[in-house]
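The first chain written gets the first letter, and so on, giving A, B and C; residue counts start at 1 in each chain.
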Amino acid sequence: MNLTLRVWRQKGPQDKGGFVDYPAKDVSPDSSFLEMLDRVNEELESRGEEPIAFDHDCREGICGMCSMMINGYPHGLEKGTTACQLHMRHFSDGQTITIEPWRVKPFPIVRDLITDRTAFDRIIQAGGYVSVNTGSAPEANMIPISKEIADAAFDVAACIGCGACAASCPNGSAMLFVSAKVTHLNGLPQGEPELLERTRRMVEQMDAEGFGNCSNHRECEVACPKEIQMRNISKMNRDFIRSSVLSRVFGTNGKS
Amino acid sequence: MSWVSTFYGSSIGKKTIVAVTGAIMVLFLIGHMLGNLQVFAGPGTATEPAKLDEYAELLRFEIGILWAIRVALITTVVLHIITVVKLRAENSAARGQNYAVRHYQRANAFSRSMFWGGLALFAYIVYHILHLTAGVAHANLFEHGHVYANVIRSFQQPLIAGVYVVATVCLYFHLFHGVVSLFQTLGVSHPRHLQAVEKFGHALAAIIVIGFASVPIGVLLGVVK
Amino acid sequence: MKLDAKIPSGPIAEKWDTHRFQMKLVNPANKRKHTVIVVGTGLAGASASASMAELGYHVLSFCYQDSPRRAHSIAAQGGINAAKNYQNDGDSIYRLFYDTVKGGDYRAREANVYRLAQVSVNIIDQCVAQGVPFARDYGGLLANRSFGGTQVSRTFYARGQTGQQLLLGAYQALARQIDAGGVKHYSRMEMLDLIVIDGYARGIVTRNMVTGEIRSWVADAVILATGGYSNVYYLSTNAMGCNVTAAWRAHRRGAGFANPCFTQIHPTCIPVAGEEQSKLTLMSESLRNDGRIWVPKKKDDTRPASQIPESDRDYYLERRYPAFGNLVPRDVASRAAKERCDAGYGVGATKYGVYLDFADAINRLGRPAIEDRYGNLFEMYEKITAENPYETPMRIYPAPHYTMGGLWVDYNLMTTIPGLHAIGEANFSDHGANRLGASALMQGLADGYFILPYTIGNFLATTKLAPVSEDHPECKKIEAEAKERIQKLLSAKGKRTVDDFHRQLGRLIWNEVGMSRKREGLEKTIREIPAMREEFWANVTVPGSGDHLNQSLEKAGRVADFFEFAEVMARDALQREESCGGHFREEHQTEEGEAKRDDENMSYAAVWEFQGVGNEPTLHKEPLEFEYCKPTQRSYK
């Protein structure tokens, strides 16, 4: 099939940027979206033009590096799919596809479709871990954890940190990302001792990065390629209130 | 007390304030609506005043308490609005440049109308107080202490009744999303209950809105005279 | 080049303990005065950086991705082995050791493998403490499965995303140390060269991939945790950015490269669909636990799978290897698939695919049980192929996946350049000629959490290093060389794209140094590569400049190194006159077409010393002795 791509090109963070149209000819329906972009790029390169810069690495939907708005949907319209796993059979011949980078202030554009998502790293650095030094771990089966709790922890731990949640949010909020890590660790006995500190610090860092606030549009939930649910935001809110009000007022760990 | 300012400074803190003040206003609205419905008890007789007037008298029995409640309510509303304005500013700063093409899948008229709908409601509240509390909006239709008569006289004017009905529609949108969000923000939401919470939101909003709208519509249709 | 493996003396079970006691310790107050560079943030790199920072060393960490969390360890699906014997099925450290040496077809170093099996149990403890959500049984204890041809259940897993969960655990440990100030991390930084001063590895030269800045970093030791080189085949299951540059540059500076021809071709990948394909996707090997592999008995059978009756199906693994059936090791399963397809029995449009059928398992266990075990893999398959594996059998074909070869290291994980260490897939030590399933994660984390943090201390405590700075003339010289190389790539202004060259190289290597190799093919490859390399430098097109983000330039630098590396890979395959593990030489097979090892003459690690581009490298040999696992011909019949 033949397509027209309207692609956001921007040389650097200071450049104004704008859309440029490119034809994509003879696209195989079996190729992935990024492979289609590869072909367009190879054509540009063989003409000596600079290719469209986009982030990508594993191309199997797990590293979280690929990140682009495809026709107004983060990672494209397919549910639970990253851009690299999106296949061209979902598009139709003659279609025009608009491709834009994530647009959230805390993810400044580096070039073309590439943004700087180190804000997410800094949020994890603010407490998205269990403080256990190598070697100091107890025997693994010492604390039994019910299958239900372990499965629930896995569901949120599946977050790939791609940023689609923040990119999709009308408020530029990163609450889904932050809450996924907070509820993953807070929900496990290993993470419980640091619950208050972790929640407070990670939320503070999220705010300091300049992300917006959740007003329950629920866009993140549909955009998330790992289908992480908004209930985690609710849980995080509860833990945050525990951490910053209840524990302060009652001087306890916030538990009643 | 530094935790207060830290808490208020945080995103979740501010959202909590919006949720709590919102909840207070919902409770107030329920009471207000139940009071309003007294209008359907009729104009009363020569010896017995209208139920609505009796109810209004009851509210004024101790001027100190009345003003304490009024101040609390005004504070709630102001806190709600100031916080929302702050959140709104933060959100647009976070958003940055808009997408050229963007299709929302879940964000809807309810969630997207919260800010402007809320402002419209605020404007309406100001008008409403000027109209039926202070009596300055339509001074010719207003007489102090005669609530029932004031209500009937005003709502017999289609324009005034229309404004009130439109306001209740705005209220419906605001209340539905507000009630559902309230559960989410205060951390008591769960996907298993989401549908139930949404139904509850719709039902509560509908009851309140029908309760309020029934008065101007009732007067306009001549059900209450 | 002197190869001293520094294997501690004494019985194998005591070697590591003895060695740990004999190693010198760095005074705790002095640790922060030592700077260590770690390149790569996969399982090995992230765990090493975090653990060394916890000990007090000052760590500089680098990765080419936009975040350390994206390293390709994240894509490992199946699981991680550990000799916990939770299932009470007869597992032990010794059995894991034995299975790994045997699985590696007796081409790994016994002492290293034993140590790996020993620390495997600590890894699970560590990861669970970090909050890694491993699968659990209803009783709340950790679940295990049997994986990749072992007869005990020793594999721990987190659905089909074990690598992701382990990597995020290590990433979080790294994040904690970044927060604490022990690690300075730099993303979007590519290592272009190694700085060797007075015979010691003292630093690296990097290119900032955003600004193009070339600069040096100096330290007391350099750790390469830079993964494998499967992308030399162009199509592989590796991430697009995986490359051999760091290891190759170290090799050029004097680090011996061991067994480059030992590559693993994974049997269960989604077959190639077309020309534009950029990478291959692995379907976890765990699928073979319940899936049955077959091809039609008739050549060029075009009927859909559902219409081929049982009597017309050839379950060739069950037929050839009745004892292990569909669970034979990876190399055996891969070659068997290739044999069937080469003979014309393949399925799918390209005829290079075999069926992996779950119909029996679904009938036996019910669909919900299969969904629970493989749901996410089935979904992934359907996304890519638009076929529903619950209804039609999956089509699979082998694909390059892991490379057992790598930088030669001694027992302390140090390469032949003092101070330069290699960990994880980047080194060669533990998997011999073939890696067992669920062992890569184990090795990466063993090296990073539990081995290197000890041995690095011994190196630092016993070595007197002169202070150096980034202004050292050697740093400036190597920076200049890196800049010159970039300039050369940019100024070729030829006609062909980097990918075009990479595809050409990949095709050649896949055909001649892939699943089966033979003398003429290898000789032809060694002849052809220099010409291809020359054409690359003369006719490649790299648009743009070096002082901004330039993905064509990044790729060009990596492919240029693959062109040099591929040659030694072919040479290594040529000198290894036997078939072992992933290395199958057509000249060395039994009458039934099984691999024939030559323990008498080939029981060594082949270590190559660089002699200049285009010059024949020198071969050194580290003899391998098998005191505990006596080599037997592997038989899975």
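Annotations for the structure displayed:
The rule is short, and it goes like this: contacts are C-beta pairs under 8 Å (C-beta built on N, C-alpha and C of every residue); 3 or more make two chains touch, one makes a residue touch a chain.
Listed by chain with UniProt protein names: A = succinate dehydrogenase.
On a predicted model such as this, the values are computed, not experimentally measured, just so you know.
Taking the mean of all protein C-alpha atoms as the reference point, the chain centroid lying nearest to it belongs to A. Comparing mean CA positions across the assembly, the chain most remote from chain A is B. With centres taken as mean Cα positions, chain C sits 27 Å from chain A.
Inter-chain spacing, taken between the CA centroids of chain B and chain C, is 63 Å. Taking each chain's centre as the average of its CA atoms, chain A and chain B sit 37 Å apart. Chain A makes touch with chain B in their complex at residues 6, 8, 19, 69, 71-73, 98, 100, 103-106, 170-173, 175, 203-204, 206-207, 210-219, 221-223, 229-231, 233-241, 244-245, 248-249.
Listed in rising order, the residues of chain C touching chain A in the complex are 47, 50-51, 54, 65-72, 74-75, 84, 86, 122, 124-142, 158-159, 161, 164-165, 168, 171-173, 175-176, 178-179, 187, 210, 237, 239-241, 273-279, 281-282, 379-380, 383-384, 386, 449-450, 453, 493, 495-500, 541-544, 548-552.
Considering their complex, residues 11-12, 28, 30-32, 34-36, 38-39, 42, 44-46, 48-51, 53, 55-65, 78, 80-81, 85, 87, 89, 110-111, 114, 116-118, 120-121, 124-141, 144-147, 150-151, 153-154, 157-158, 160-161, 184-185, 188, 190-191 of chain A touch chain C. Note for the complex: chain B touches chain A at residues 3, 6-7, 9-16, 87, 90-107, 111-112, 114, 177, 180-181, 183-191.
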